[in-house]
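In the two complexes that follow, chain A is the common piece, with chain B as its partner first and chain C second.
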Partner chain A sequence: MSVILSVKSGTKKFGRKLVLDSVDIELPTGRITGLLGPNGAGKTTILNTVMGLYRLDSGEIHICGEAIGYKSKRLISYLPDTNHLFSWMRVSDAIHYYSDMFPDFDAVRAKELCTLLEIDERSRTQSLSKGELERVLIMLAFSRKVRLYLLDEPLGGIDPLSRKKIIKTIFAQLDSESTILISTHLVKDVETLLDDVLFLNKGKVIFADSADHIREDRGQSIEDCYMEVFENV
Partner chain B sequence: MKYNPTAPIYLQIIEYLKKDIVTGKLAAGARLDSVRTLSDRFEVNLNTMQRACAELEKQGAIITQRGIGSFVTEDKKIITALQDEMSGGLVDSFISGMQDLGFPEDIIFDLIRKALKK
Partner chain C sequence: MFKLLKWDLINFLQKYYLLYIGYAIFLALAAVFPANMGAASTAASILCGFFIAGFYFLTGFLAVTVTIGWTRRTSYPLAASLSASPRKILLSKLIMSGIILTSSFYLTLIYKLVYDRLQDVLSGSAFIPNAGNFGYVPAVFIYSIIFMFSYLAAQSNRLTRILPEISAIVISGLMYDAVYFITTGLFLGNRIPWISGTSVSLIGDNLSGQSMIYCILITSVILVGLFFAGCSLYEKHFERST
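Take a look at the complex of A and B:
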């Protein structure tokens, strides 16, 4: 199995505050991994450093063997947890914008996903509800064909129906070539979704295991295991 | 489908498919959907579905022919063994439950007979 993402002793400070404390992550291809932890654990910071938006103070990140740079960015599709689309855009504008920006953007796939996720391409991105916006962002992120998908809180504040659709789309996206990293604190919602979990607390990876292993060996759900690990920190 | 989050999901899928095989909903020799279609239907990760299928194959319940697809076994012995395994599990858990409640054998028999007559 080849490694898609590797982070080696990644450390990052904002001023005096240590936000990433010697983080080690290795993601093989063809897996869905959950980056789980409370607010402020450093989940988004990890995604942002992998994206190259922040630079590590020390440590290394490689994506398919490439160091962070313009080459590595082509390998990643990123779903931020904010609305990053220009306020004047309609969904169709956003699709055009993405297809101009990314050579790997598949317009046919975008159409498919719009139908699947019940997105109206004429809506304005500013007037979308939270659930609609998240579906639009998923559609944009998954219309690209890349090795690594980074999803930052794709399920936060989403109603159960939209959630189900989004989870189905995530399942359909995974193939043996790519890997998906999902950051979330909604442990319960991703219970059946994940292959592997990483628990992050105060900038440290405090626990890493496969979901089946947790269920098989500990007889626990991911949520139980999460509670146990975090109560004993 | 609802899953029990404290047990491995692939095992729960195996149980479900075995039940379909035993009841004949999936007939002997019938072709299974592709792993991708199944994972869509069961709403699970592709890896989970693959693991479930691999396990069923190991147990002989399904047979995969490369490039063609997976099929339910036509071996009656294996299907009977599956039946025994599933009914055995139910009977065992029933009996141990009743014994825990302190019921003697003859009363358990009576209760079953009564329940079946209903």
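Take a look at the complex of A and C:
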């Protein structure tokens, strides 16, 4: 298995506050990894740094062996935790935009996902509910064929029915060539999805293991393991 | 590049289409009310005068802010996820700035032609741009490039990132003056301001054709240099404030 994302000794400060403290991450292909931790642990900062929105003070990030830069962005599909679409856009405009701007965007796949996720393409993105918007963003992110999918809180505030559909979509997207990194504090919601977990606290990776190992050898669910690790911090 | 520009243009028009609809309405108003129709003409003239003055200054402001406004919006993560080179992205913003300024020039000119028919009833209380004011187009465009660089520089440094807008205004003010002094003082050695306030004077009594070429060349080199320096900052150091 080749490595898709590699973060080495990633350190980042905002002012005097240390938000990433020598973070080391390696994500192999064909895996779904959960970046789990409480609010303010540094999850979004890691994703934003991989996207180049923030710069590391020290350390290195490589995507498929390439140092991050504008060229490496072609390998990443990013779903931020906010609505990043232009405020005037309808869903159809967003599809058109992605179609124009991302050469790997598959318009046919987008139509299929719209049907599967029950998205009305004529809807204005500003008027969508949280769950509807999240489904639109998932549709856009997964209509691209890339190596690395970065999902920031994709299930936050979503009703169980939408959650089920989104999880189904995430599962369907994974193949041996790509990797999905999901950042969330809703551990129970992503329990069934994950192959690997990284627990992040105060900018440090405090625990990393495979989901199978946690379930079989430790005899715990990921949520139980999460509770145990964080209670002992 | 063309797709970037296409979406920048669509995005701009979606946001500011009311400004252009307003322009069309006030243009129609100026055309419909002929001169010497009494109070109606005077009222229309004053209203139109205020609107076009606002239009003139607002488009100038938008031409400058369009170069950096996209980094401040909630849609920035979308723009930042594109795998386009910084050179293409920033060039597209500068072209947008040029489009806004040029359209402003022609639209204000058209308005002026229509409005001149009503000039004799103008109360004189509202500002109406005349041909002398159109020199602001190259001056504002030059300032747009300098401001874009200044903002990118401000957002690329930990200290200035705390107050990026103010830092950018200060840096761009200093740089605009520096460009002025380099072009006039160093190369021309004349007393005629090359960039004067909000307008540009290219022709002066004691400017030879050769020194004018030097002046344009050196300014172009400085601006191109600032553009590429801005691209490098955006690629390697730029970070939006948290």
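Some observations on this one:
Convention: the second predicted complex is superposed on the first by the 233 of 233 C-alpha atoms of A that agree within 3 Å, B and C clash if a C-alpha of one lies under 4 Å from a C-alpha of the other, contacts with A are read in each partner's own complex, and residues count from 1 in each chain.
The criterion applied here is as follows: a contact is a pair of C-beta atoms (placed from the backbone, for glycine too) under 8 Å apart; a residue touches a chain by one contact, two chains touch by 3 or more.
Remember, predicted model here, so these are calculated numbers, not experimental data.
Looking at the shared chain after the overlay, A:223 reaches chain B, while chain C stays out of its contact range.
Of the two partner chains placed by superposition, only chain B is touched by A:193; chain C is not. Contacts of A:51 after superposition: chain C is touched, whereas chain B is not reached. By the touch criterion defined above, A:167 reaches chain B but does not reach chain C.
Touch criterion met: A:74 reaches chain C, while chain B stays clear of it.
When the two complexes are overlaid on their common chain A, residue A:112 makes contact with neither chain B nor chain C.
Within the superposed three-chain model, A:21 lies out of touch with both chain B and chain C [touch as defined at top]. Residues 3-4, 6-7, 11, 14-15, 74-78, 80-86, 235-237, 239-240, 242 of chain C are the ones touching chain A in the complex.
On chain A, the positions that touch chain B within their shared complex are 30-32, 164, 167-168, 171-172, 174-175, 191-195, 212, 215-216, 219-224. Across the complex, chain A meets chain C through its residues 14, 48, 51-55, 69-74, 76-78, 80, 82-88, 97, 100-102. Across the complex, chain A is touched by residues 3, 5-10, 39-40, 43-48, 51 of chain B.
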